[in-house]
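Shared between the two complexes below is chain A, which pairs with chain B and chain C, respectively.
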Partner chain A sequence: MFARDVLPALIIGVPAMFVLPMLFDAYTLTVLTAYALLALSLGFIWGFAGILCFGQAAFFGLGAYSFAIAALNMGSAWGPFFIAILVPAVFAAVFGALLFYGRLSDVYLAVVTLVMTLILFKFMNSSAGEIYKLGDARLGGYNGIPGFETLTIPWDPGEYLYDESLFYFAFGLLVLVYILLRVLLKMPFGRALVGIRENEQRAELMGYDIRLMKTIAFSIGAAIAGLAGCLFANWAEIVTPALFSLGQSAEIIIWVIVGGAGTLLGPVVGAAILGYTKFLLGQQSLIDNTFVLGVILILAVLLLPQGIFPSLVRLWHWLLARLPSAAPLRRRSGRSRRDKDV
Partner chain B sequence: MDYAAVVGVEIFYAVAVLVLISAGLAVIFGMMRVINLAHGEFLTLGGYAAIVSHQAGVNIYLAMLVVAPLVVAVFGVLVERLIIRWLYGRLINTMLATWGLSLAMMGAMTMIFGNTTTGIATPIAGFTFGRYQLSGYNLFVILMAIVVAVGLYLALKTTRAGLIARGAMQNAEMTSAFGYSPSRVYLITFAAGSALAGLAGGVMAPLVGLNPASGANYIAKAFITVIAGGASVVSGALASAGLFGVISQTFTLLTTPAVGEIALLVVAIILLRLLPTGITGRFFKGRV
Partner chain C sequence: MSNRVELESRGLGMQFGGVHALAGVDFKLRRQELRCLIGPNGAGKSTFFKCVCGMLKPTAGDITIRGQRTNGLLPHQVARLGIGIKTQVPSVMNGLTVRENLWLAARRDNTSAVANRLVADIMDRLLITDLAAELLETLAHGKRQLVELGIVLAGQPWLILLDEPAAGLTADEVDRMIDVITDINRESSLIIVEHDMHFVRRIARQVTVFHQGRVLIDADVDTVMASQDVRDVYLGKQV
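Coming up: the complex of A and B.
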């Protein structure tokens, strides 16, 4: 497990952490890392547990808001850091239990998660005024919450994490989460999760409590999304209702579908590439950003429903098989879930 | 007494708006099991068609009731041929592709019309009712919703085209064995649903300040009205629009519009949890 899952991530991840800031601006890289973590959260629950959540932005926003509110109340940032992970996880556990124990799936799951995001969006947007206050933190409605404490170096409260140090911290977390998910997927729980994705009924007949397992997976995904939200809040130094918006949810799905659901690396790469593209497109005003994103999503669904990353892998295998000297490759057997309904 | 009448009209109006904005989506979902997440942008497109043609000198009723549905229906035909037809039977993929379409349309409309809000004046003046002022246009919206619901019911129940459409919905293979091309039935159904969306967009145009992102205001409500309604097109949409309209309007009158919308969405989640196949999946089964 170590050699196959942990080592490659470290071999690629650690040098990347030091090389990337030389090539790109650390400020941009930090937000791309937060996006990558967010994509990873959806990539995990969609690609491996088969839960298509249309409202992953809700947990992202919830993480960011929890961080901001807790930081304003506690005055320091490390307690809130953990709260930002815990609040979305608990929320998702309760909400997920409500859904999965009711056996909602496909469209209905998509609708309900979408609606939940909208509720949070509408609520946060209309939360201006004195009465919407949690402790010392005013929710601030449309304008959001500015001016909270951000993360510092744990042993030196005067030294804030920002720019490059924030990037190292975020990227380190991304690599860590990636490795943890890889390991999780190799453990019995992860194996069973993939089994549920492939055939829910069969997994259930074999004695797995699919409702509980889906709820747990949903909650893990939300915790990662919350962590991404916390990093985003530290980067932006303000949280606004736009974090909960439909556009944000759509973007996460686009990252995952373009990168390739069913892999862990795909969504990360998808988020980084598309996030950077968006950043570049934002610098010109000729073509609207949303338009490009939408067209990418349509084309990805129509032409590359498996995502770019798995398609490249398949192309690679296809090329290998064409080489006369190559040994016959063992094809991956069985239909994957993506052939079935996506 | 007067107040009760005004509240009654307001509640009817809220229900009517839900019926109008969800009718097109209900036709497409009920008949084709396709969820068009770009429905909100279809409405916005209808609104722009009405406003632009009115500003170009077309009579306002003609602009709202004829031009808007026509424009959106033509657009719907294009969308069906270019995107939807490749994805039949793959519900989640259709949702994703139409979500992409929604973003693309939003972006395209931003590029064309700019990120500003436009609007036209309501063509019907308000009138006083007892001590209260009532908007005449709201009554027009209620009338239009009734026309749409009754028209849809009659079209599906009494006409030959409606019969074929319902047949294709129940068993596409059998329909094609009888010599009707399902592909054509789907195309016409999608165009009809788009036309209804355009009509709703046109009728709503004088009521809302229209901007390229307006679709987001409609989509959630239309979406849950249809999903919560279940498979039956007319009775499902009417039942859930009635329920949601009363709830949201009651909360709006008691508190604020934001709370009204949140109440609507919360009820929708609870309802879907209790009746996962929608209202007509449980009650009025098999109706149109």
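Coming up: the complex of A and C.
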């Protein structure tokens, strides 16, 4: 498990952490990392547990808002950091239990999670009044919440994490979460989740309580999305209802589809590439942003139906198989275990 | 006490809208019994299985498994009582390998080490070891049937329900299926739904015939095969 799952992630992840800031600006990289984590959260529950959630943005937003509200009330940022993970996780556990124990079918689940996001969006937008106050934090309606404490270096509370240091922190977390998910998917619980994705009925007949397991997976996904939201809040230094928006929810799904659902790395790659594209597009006003993203989605679905990352993996194997010198590296042919576990 | 009743249904009914798929089934299965369940299409055999294993909630009557009333239990709860089912339409995890399919069933109630050993044993027994790394979606129908049987065995159930296990098998595969069933029956009780009368003759001792959601007759295989009532319900088909 260490050699196959943990080591490759470290070998690629750690150098990337130091090389990327030399190539791109750390400020952009940080938000892309938060997006990547968010995509990873949906990639996990959708690609491996088969739960299509149209409302992953809700947990992202909840994480960001929880962080901001807790930071304003506590005046420090490390407690709020954990609260930002815990609140969406608990919310998703309760909400998920209602859905899964109620045996809601997949389509309804997608719709209900979408509605949940819309409700949060509407609520946050209309929370401008004085009464919408949690302790010292005013929700602030569509203006959102600015001016909260952000993360500092744990042993040096005077030193804020920003720019490069915030990127290192965010990227380190991304690698850590990725590794934890890889390990989880190798453990009996993770393998059974994939079994549920493949055939819910058979999983039940084997004796697995799919309601409980899906609820747990949903909650884990929400915790990761909340963590991404927390990083986003630290990066933006303000949280606004746009975090809960329909556009945000749709974007996450597009990242996962374009990157490659059914893999963990795919969504990360998808979020990074599309997030960066959007950033570049944002600097011009010639073509509409959403239009370009829509075109990319359509092209990806038509040309690379498995997503960018699995296609790259296949290209790599194709090249290896054709390189005479690399013959010993050739994979056993015929036995095509799916590249699902990358 | 090998004649203890382990599965019993009383007045079991299952209604779909206006259709009475089961209309009061009284059924008893004793320990280590091998029972064949036959009957024309639509007689309610599969519905009976689904009610027993919790996939359907009966609309009338009771099911008792080893003294415990089980109507209303969910499939995973019934499975944990030690009941395994091979469904009529094969229900397997298509995107996973043969080994992974069996392992998931074996691991539910065992440590990984025990599960690994169990999976290896069962693959040996079913002669599917060479398929271990194949994805289920790439297998032919007969092999899938065999793997599904393997999945059921990996759960180490004491009561096994097989819904048309011989359907679509080649003659060789049928022979192997019969060997395996005989072997399983040394430890577990079995109920087998099957249309193929040659198959039934080769394995059956006691046979129950369903007709229009009821038990028509419940007797040893020779009596059933000789019965005029049974011939009649099969509408002249050779029984």
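Here is the rule we go by: the second predicted complex is superposed on the first by the 310 of 342 C-alpha atoms of A that agree within 3 Å, B and C clash if a C-alpha of one lies under 4 Å from a C-alpha of the other, contacts with A are read in each partner's own complex, and residues count from 1 in each chain.
Just so we're on the same page, a contact is a pair of C-beta atoms (placed from the backbone, for glycine too) under 8 Å apart; a residue touches a chain by one contact, two chains touch by 3 or more.
None of these values were measured; they are calculated from a predicted model.
Once the two complexes are overlaid on the shared chain, A:207 sits against chain C while remaining clear of chain B. Of the two partner chains, chain B is the only one that A:99 touches; chain C does not reach it.
When both complexes are overlaid on chain A, the residue A:180 reaches neither chain B nor chain C. Between chain B and chain C, B contacts the larger number of chain A residues. With both structures placed on the common chain, the touch criterion links A:191 to chain C but leaves chain B unconnected. Contacts of A:293 after superposition on the shared chain: chain B is touched, whereas chain C is not. With both structures placed on the common chain, the touch criterion links A:16 to neither chain B nor chain C.
Contacts of A:312 after superposition on the shared chain: neither chain B nor chain C is touched. Applying the stated contact rule after C-alpha superposition, one finds that A:280 touches neither chain B nor chain C. Looking at the shared chain after the overlay, A:52 reaches chain B, while chain C stays out of its contact range. Contact residues of chain C toward chain A in the complex are 53, 55, 74-76, 79-80, 84-85, 87, 91-97, 100-101, 103-105, 107-109, 112, 133-135, 151, 155. Chain A makes touch with chain C in their complex at residues 188, 191-192, 194-195, 198-199, 201-210, 335-338, 340. Of all residues in chain A, only 52, 98-99, 102-104, 106-108, 110-112, 114-116, 118-119, 122-123, 125-126, 246-247, 250, 253-254, 257, 287-302, 305, 341-342 touch chain B in the complex they form.
Those residues of chain B that touch chain A in the shared complex are 35, 83, 86-87, 90-93, 95-97, 99-108, 110-111, 216, 219-220, 223-224, 227, 256, 258-259, 261-262, 265-266, 268-269, 272-273, 276.
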